[in-house]
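Everything on this sheet refers to the single structure shown next.
Lettered A, B and C in written order, each chain numbered from 1.
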């Protein structure tokens, strides 16, 4: 099939399904190689970038999904009800950031970092579909391991967890400099 | 330093510590442990007074702080490389790690707000597609799962449950919190002293039902002695204590 | 706004709403004259007629709606009705074993044994046709009761659930003795 035909089929499937569809599933349904599918997706992406398109395509791990362009938000809120979003309290956000960066992680490890029992927070995040069980750790008690879901990627606008803002020593050094600056400030007064 | 009248709620002990460090504008690598411990304890006391939920985690941190405070007074321990170890090092590391994730949580929140502007679409299958039924391939689904495997998984689950039940403590029966009204107990013992001019401490203790009651009784005795209401005599070490009411003599 | 911009906004709104949207409602949200809106719709129609589009637009009386092109249905069937990635994960296996041995059982009881919310796992098993609702428990909230299906028996090659490998009290007693021995060992030290 031509690129145009392939792109049309991918568009139709994504439009109908609403949810994300795996590239492999597209390949199977269309009886094509995954690399061709990726080409069709690239074609669509280009088409959607034009000014006359109100929709876009997001890539998640190994799946793709259609969405509206961010610029359309102001018009959408006027006519449609905003989709219900999980309201994340500070303690949920804290827990989520630890799970996102340290996955796969057990409840106990989360608790160690936060210094406070986090079972409730983890359970809530699982309920919200942002966190999921990944299996069990091969250790005494076989504790459950948790990680983020595709819904997490979608909600935070990244394609994979590798795309999360880097966390590391740089940040820590910054804190150090900040703290030192504060101390000097205090001494100056 | 006085605490705010309205107590802030903190996620946990690390959150509270970070707040104190920020408020005092302290270098996290050089925490004045005495000051911070005092402020931390003051906060916990205030929390207890306000009847807020002081979880065990807060108390554990209090113990840790006091432990570090003590270690700071002792000569510094030296590690293998001959370097002096800072008793605060472990706490600092924990605080930094916590602060880092807290910071990332804010970053994530921003990202979430941005991503919220993209909207999706609900699945909407045309009726003709909806009506079509495709069979599930069960042999594919089950794969190499056998009943024996299913059985062993269940056994393992049961064992895990069993492990959760502490074989010793589960036999203790219920532990109930005793409600002792301190004031009532004090009044009762004072009345006892008034009624009995001279009595045995041991006998009085025998009327008490629990450890807490005994402790309260003991405390009331000390208080009465301090006020000069009673006098005590003890003939031999560990012998019975005879209490005489001052009014009687 | 240009025809292209207008068309993009209409597209985004119709995409999100799914249902048909009245032209007057579009006009209001976009603060434009209905006749302009009709022009944007005409633009979209032309765009969707091209070979590279899998979606189309239906015009009703005073409303419009997006839809999938009819010629795409064969692909939709393949993807929407394809058996879900048929894999029994660890968490599904755990849940299935509990339901098999403890049926009829409520979601809450499964959760108690596993120590984690298992709604998702139960739902998947129902989707797979291995587990079914058996009725409701006569208790507050009237929770659903679940059990295995005939397909479960067939798939595992047994005629009834009585034929499942026994899980006797002996086993449980053994665990208990084991646990006690461990504790005593500790106390002896």
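The rule is simple: a residue touches a chain if its C-beta (ideal position, glycine included) is under 8 Å from a C-beta of that chain, and two chains touch if they have at least 3 such contacts.
Owing to the predicted nature of the structure, the values given are computational and were not obtained by experimental measurement.
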What chain lies closest to the overall centre, CA atoms only? A
From subunit B, which chain is the farthest off, judged by mean CA positions? C
Taking the mean of the C-alpha atoms as each chain's centre, how many Å separate subunit A from subunit B? 35
How many Å are there between the centre of subunit A and the centre of subunit C, using C-alpha atoms for each centre? 19
Computed distance of Cα centres, subunit C from subunit B, in Å: 40
For subunit C, jot down the residues that touch at least 2 other chains. 12, 15-16, 68, 76, 80, 82, 115
Which subunit B residues touch at least two other chains? 119-122, 124-126, 129, 160, 163
Across the complex, what residues on subunit C touch subunit A? 2-5, 7-13, 15-17, 21, 25-26, 28-30, 43, 47, 50-55, 66, 68-69, 72, 75-76, 78-80, 82, 89-91, 115-117
Subunit C partner contacts - residues on subunit B that touch it in the complex: 119-122, 124-126, 128-130, 132-143, 145-151, 153-155, 157-163, 165, 167-168
Spell out the residues on subunit A that touch subunit B in their complex, using ranges where they run on. 15-19, 56, 58, 65-70, 72-73, 76, 80, 83, 85, 88, 90-91, 93-94, 96-98, 100-101, 113-117, 141-142, 154-158, 164-165, 167, 171-172, 175-176, 179-180, 182-183, 185-186
Sites on subunit B touched by subunit A in the complex: 11-15, 25-30, 55, 57, 61, 94, 96-109, 111-112, 114-126, 129, 156, 160, 163
